[in-house]
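Going in written order, the chains are labelled A, B, C, D and E, and every chain counts its residues from 1.
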């Protein structure tokens, strides 16, 4: 077990190396020059050349990569080209709000989706099933920028009870934070809930017919226990997988929700950096996300073994 | 005589279980030092205590579970050393009928397709006649073509078992590991299947490792038997000898406990005493000692070796085997009633008559 | 409603708060609140004293006299030495400041008294004071520069009405009133800028009261917002233009007839109506009506004439339909513009397709002249020179069209050196005529600056769109 | 049993997937909805009452009327015609990006889950890396190399979806590979790939199908995002997603601009999900029909 | 195992109250019968597969249901649990457990019975155990549901039960998962689960197929104890006639969805009447048959859709005559308690 964990963590190194290399090359594949992007329309060639020299963009690619990677090994992610902030604190400061939003959205999604999915599966082809699926599909078809705006219209304008946007640090003002969290978390949660609900339903349908569910019923235990402990207990693997994926996607950033709610998350930061060709930030963000994914997936794999004793690690 | 079809030597298997997320695994030696040989056309009956490792041995023979150590020679070839391609070749020649037929059938595949797939895979019949072959196989095990397009869940337990048998036979293997192949069949179908297996063995030289708890069936089919107790062979030898004159106390106990039809009422069976041994952390000495009526102090000291005795064709792992001597054959069955005998005679006669009248007419 | 604090929804986070490094259009909304220029511009584009008053003994000499006893946010005195240090920094090639080229022909910056600085130019440069009313004139604390190092970009210490309290990227830039501001402390104590990239989001936030003032109000919502009593929408003619550059260096637009044929197919008024919903004004040249003294009211305003355009194409000897592509960024207005152009041009013998690119690629595409017709909008400057020199002189950095007219270059160079406004206006108008004839660019509209606030906020709108919140207060 | 009696059953037992689905009213409805969209896409030139790309400055933002059933947009274009034409790109994006990702992702996940060990590590870590790249960056890079086009938007979306399918397939495979019927297939001599394709794949299909029909919606919406950034379909060609996206700017002035593309997306998503449910049921032999 | 008597009493469903709520009175159930089934039919939309089965069981009785594979034994058993697979339709003239009509009982009422008063051992021990729950949890939850025992208490009881079904090393097995057990151990776990609440009726569907005979006999002892202690009735489905001969009080023989013969053990073994029963007995492997083929019945059982109009065994029966093919013989009592569905019984009198 310990060996396995160590092995998985050790596999981070080649992954990070690969990711850093790909990230480095990919962002440079995109046309456009950070110096030009920074200096804008007015800059003359001299200013651009000066900036390029300052950013070491005039050096051969491999040199750029190695000096970046070397600094990285020392924990130095460099500074943003746009505005000169240090990359690591910049990413960290954006990851916090994203993580909080993600957690809230996932929680909302789970609270809605799992019961809805289970009910839809157990009451298959009844009104409950149809309504749950219908609502889920509405949630899916409604892009988050629309849902977000509609929520703002409803809860900030028509019934002005929640702020339309903005992020309040929970350390500064917990109440304010929670109020600012509600709408974006709902927006995101709704989209997640739709998939989780449908996945839960499908997965439950797979197991509800199993012989062991029949055995459970033959024991005369409470129907809820048959459904939750026996059926749902066996239906969790795809759901957990999906949650792992969702968590990854959320932590990678949710640009649109962040944009609509002016939430200072990592998604918008990354996308802005991509568009500004802010190489160090993009590279740093990709590395950070890759690390997070590897950890999330490791956690997912461990959870599998807890859910299903037949699953082996390694 | 050429090399036997299957030769097993020193097979061992340890399971690590409970090695979950937080706990350290526990080790259980479930198969220890098992060896036997099966010649072409022979049936090796493997009987023994439930949980003694029969299924595990069967799975190891086909490399579905990897043995920890030991040798499995199939037609002189070391099965444990086969590469992936050679392994597939080997599996065309050796088959397994699983203990739980339902678990071993893909719920999403119609049984007709399940049987046809290996035929197609190994190109055993031209494409056009695969269907016919499937129907033929189904009928061999007492099912009909109508069953071919059903999914496993729509079958009864015995029907599933027959599907599993038909599927194994489809490959036309030289060796079949049968794990309780007839336990879920009614006697008539059981007779049909047993006859079929015997026929294949006689005509085509198919060999079986036949795992069963039914001593009558084992006696009927097997040429040799091995008696397994707690992962170890405690007695082996020719079937008639072992089952007719058991030497090991466990074998005796098995035979004594075997129910017999026509017995007048319930016989008082010697309720086995003691606990079956735990596979985790075995105590030294004979595994059966805790339940053995003949156990002495020496039995608990050291594991008795599987010693040859008598003519050298029989082996038993009991230090007192010689001393105890062969048990007399178990008490004869209670005599059938006159009414029974009359009607049975009528049945035989009527059958014989019917067959003579139309040799191949369906009943 | 808290009358001491104002939250402003702006289009984007600034990149940097260091005026010497600012290059993005988006810093405009915050820059005047943190930094104070030497001279100040009024809403009608007049120059008035700011940190300093100025005297111009001759066209090449500018003498600045700083107001006494002023300090930067950090308490450091604003004296001649500080001013010189600022200019030295902006002019230092190693700093790579975009201000260097704006400052033009500066020859020397001398400290001529404790509060007096004299700047000498190599050649006459009429727009100089307008330039100094902008970023190039913004003074920062040299002491803070030294102590903050690279962090100066995020912490900026200037002399404007507000000082920086904190800046969380993409979240909020919090400013607090600076008591030592030379005009006296601003009425509103605290200002928070919140970047909201999406125009709909900005408007929604204003309506919900989450922010009280927003920049960049989309034209199509003006009608609706005006009707809402709780809101106040302000619009004024902007300084910039929305125009497209023809690539005059390659076929088909290397032929002036083809360019003119394309221009003939387009009716700027149609674009103004369809894309800007009637806000702003149609454009027929680079000088907007907001620069009243230079705006040519009498210039011809041709209507779209597809038939004539087709004829001209025939004259040019090209076979219709002429396939061209229009390159635009993904801003909704630009895409709509491209769609309108496409529809109109297609009726006049062109076959247009639209290429969308991201904003960063735009500059590269323009500079590499990898386009047929590409948007090249300009946010505008308060002096016509700022709207023309870089675009139409042969070596101007913004001459994306590859336009090389000796006549126009001469006119524009000459206009820089002439002190008289009337004189300059004539030169510019002449250049505009030539440009109209050569059609290196396709002028469409002068977008209006549209901003909106809650009705209770009293604030001043400037044509450049920059917010100067020292003049804002809650009623 | 006599062969004569059995023959018809044997011959007809492979009821075609289509016929089986046709017996399921919801799957039929789903298929009808999807078919409707496909017909719209294919027959757009015949069906559309107006030129979807031609602005009409005299009819900007006019609500639904007898002439313009779904109203007109901010450039006076007929919304109905744009929806009809928009079906083309949207359906293509939805179907190909999902199906492409599903096939490749499922194969990768199957292999990873089945073989475990190094194969698993290699495949899944590559997927992690792919997953770590923001879709915008991938789309930009793909566009940089191949130029902007619908195909490249599809490619970008598919690449982003790849790890999703791979992870789901892997997890399910890890469950199924431990089942005895997989052992049975091995014992019958089937090679790993045959087992993956014939035994495991059908048994893990359900969650993949569900996820596929869900991602269909998100693909349409992602496409609009990519197109909005100039990385997909180029204006003025309509797609449902970009129509919806554009509509947000006209919340007050033209709410119908959002209704109809939203409805179109919903209907097709509904169609695919119903069809997906039907497919799932098809893969479930215990389904009582 | 020491159950708290009060608890038992509290948990026992008030059957009379339930009975009173039945508004449509059914044919009165036999007095003192624990199970009373008459005219049970089960089908899957098509022709009935179980086609008119009658079963009556007294408390403490062990009834062996034997018969052709696929004849509907398991479906009959599942009917009593009301746990038929989806799509199955059940009808019955009379269908009572301990006087309570099962056909009309609410799901809640059924649920109270299941696991407590009626318990079942399923035929497929591998797939019938929950793969992701430990054996112990699967056992204790029954006690928690029906006896309100706490976790620790329940575990103790479960442990004792595992010991009684002779699972080696029961402490360790309590935390094992089904896949770690051998086939026979799974089967014993199923048995332990079914017995843990000491049901009034135990339905055991081929419960000992994977058990070696020594353990099998121990399990049977356990059943005997249960019957003696509690008067529990056991419906025992098996193919092992030798076993039947030892344990059965009464025997019912099924063929193609119907009961063809029923009677006491003595009746069936000493005086078998139906040709199918005879054929089964004839197929028993005997020592003297070693080396010779066993006698199977020629032909195949009829498929559900193609049931002969007459006796269902007629196509395979060597004694069949016209009458047999024309009409189905009723299950008629030849002697008290011994019923046969055969036109030609007794054979020695009717066969020339």
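Convention: contacts are C-beta pairs under 8 Å (C-beta built on N, C-alpha and C of every residue); 3 or more make two chains touch, one makes a residue touch a chain.
The structure presented is a predicted model; accordingly, all values stated were derived computationally and were not measured.
Considering the contact criterion stated above, the chains in touch with chain C and with chain D alike are A.
Most remote chain with respect to chain B, judged by CA-atom centres, is C.
Across the two candidate interfaces, A-C and B-D, the one carrying more C-beta contacts is A-C. Mean C-alpha positions place chain D and chain E at a centre distance of 50 Å. Chain centres here are Cα averages; for chain A and chain E they lie 54 Å apart.
Annotation: 22 Å between the Cα-based centres of chain A and chain D. Among the residues of chain B, those touching two or more other chains are numbered 100, 102-103, 139, 144, 146, 153, 362.
Of all residues in chain A, those that touch two or more other chains are 31, 145, 149, 153, 209, 211, 308-310. Residue positions of chain D with contacts to 2 or more other chains are 1, 5, 140, 178, 180, 248, 251, 284, 286. Of all residues in chain D, those touching chain E in their complex are 1, 5, 178, 180, 286, 288. Against chain E, the residues of chain A that register as touching in their complex are 209-212, 214-223, 225, 229-230, 233-234, 307-310.
Across the complex, chain C is touched by residues 53-55, 57, 60, 74-76, 140, 148, 227-231, 234-236, 246, 248-253 of chain D.
Those residues of chain E that touch chain D in the shared complex are 85-87, 126, 179, 300, 303, 306.
Within the complex formed with chain C, the chain A residues making contact are 31-33, 36-47, 50-51, 54, 79, 82-85, 90, 93-94, 97, 145, 149, 152-153, 156-157, 160, 163-167, 258-265, 268-269, 272, 275-277.
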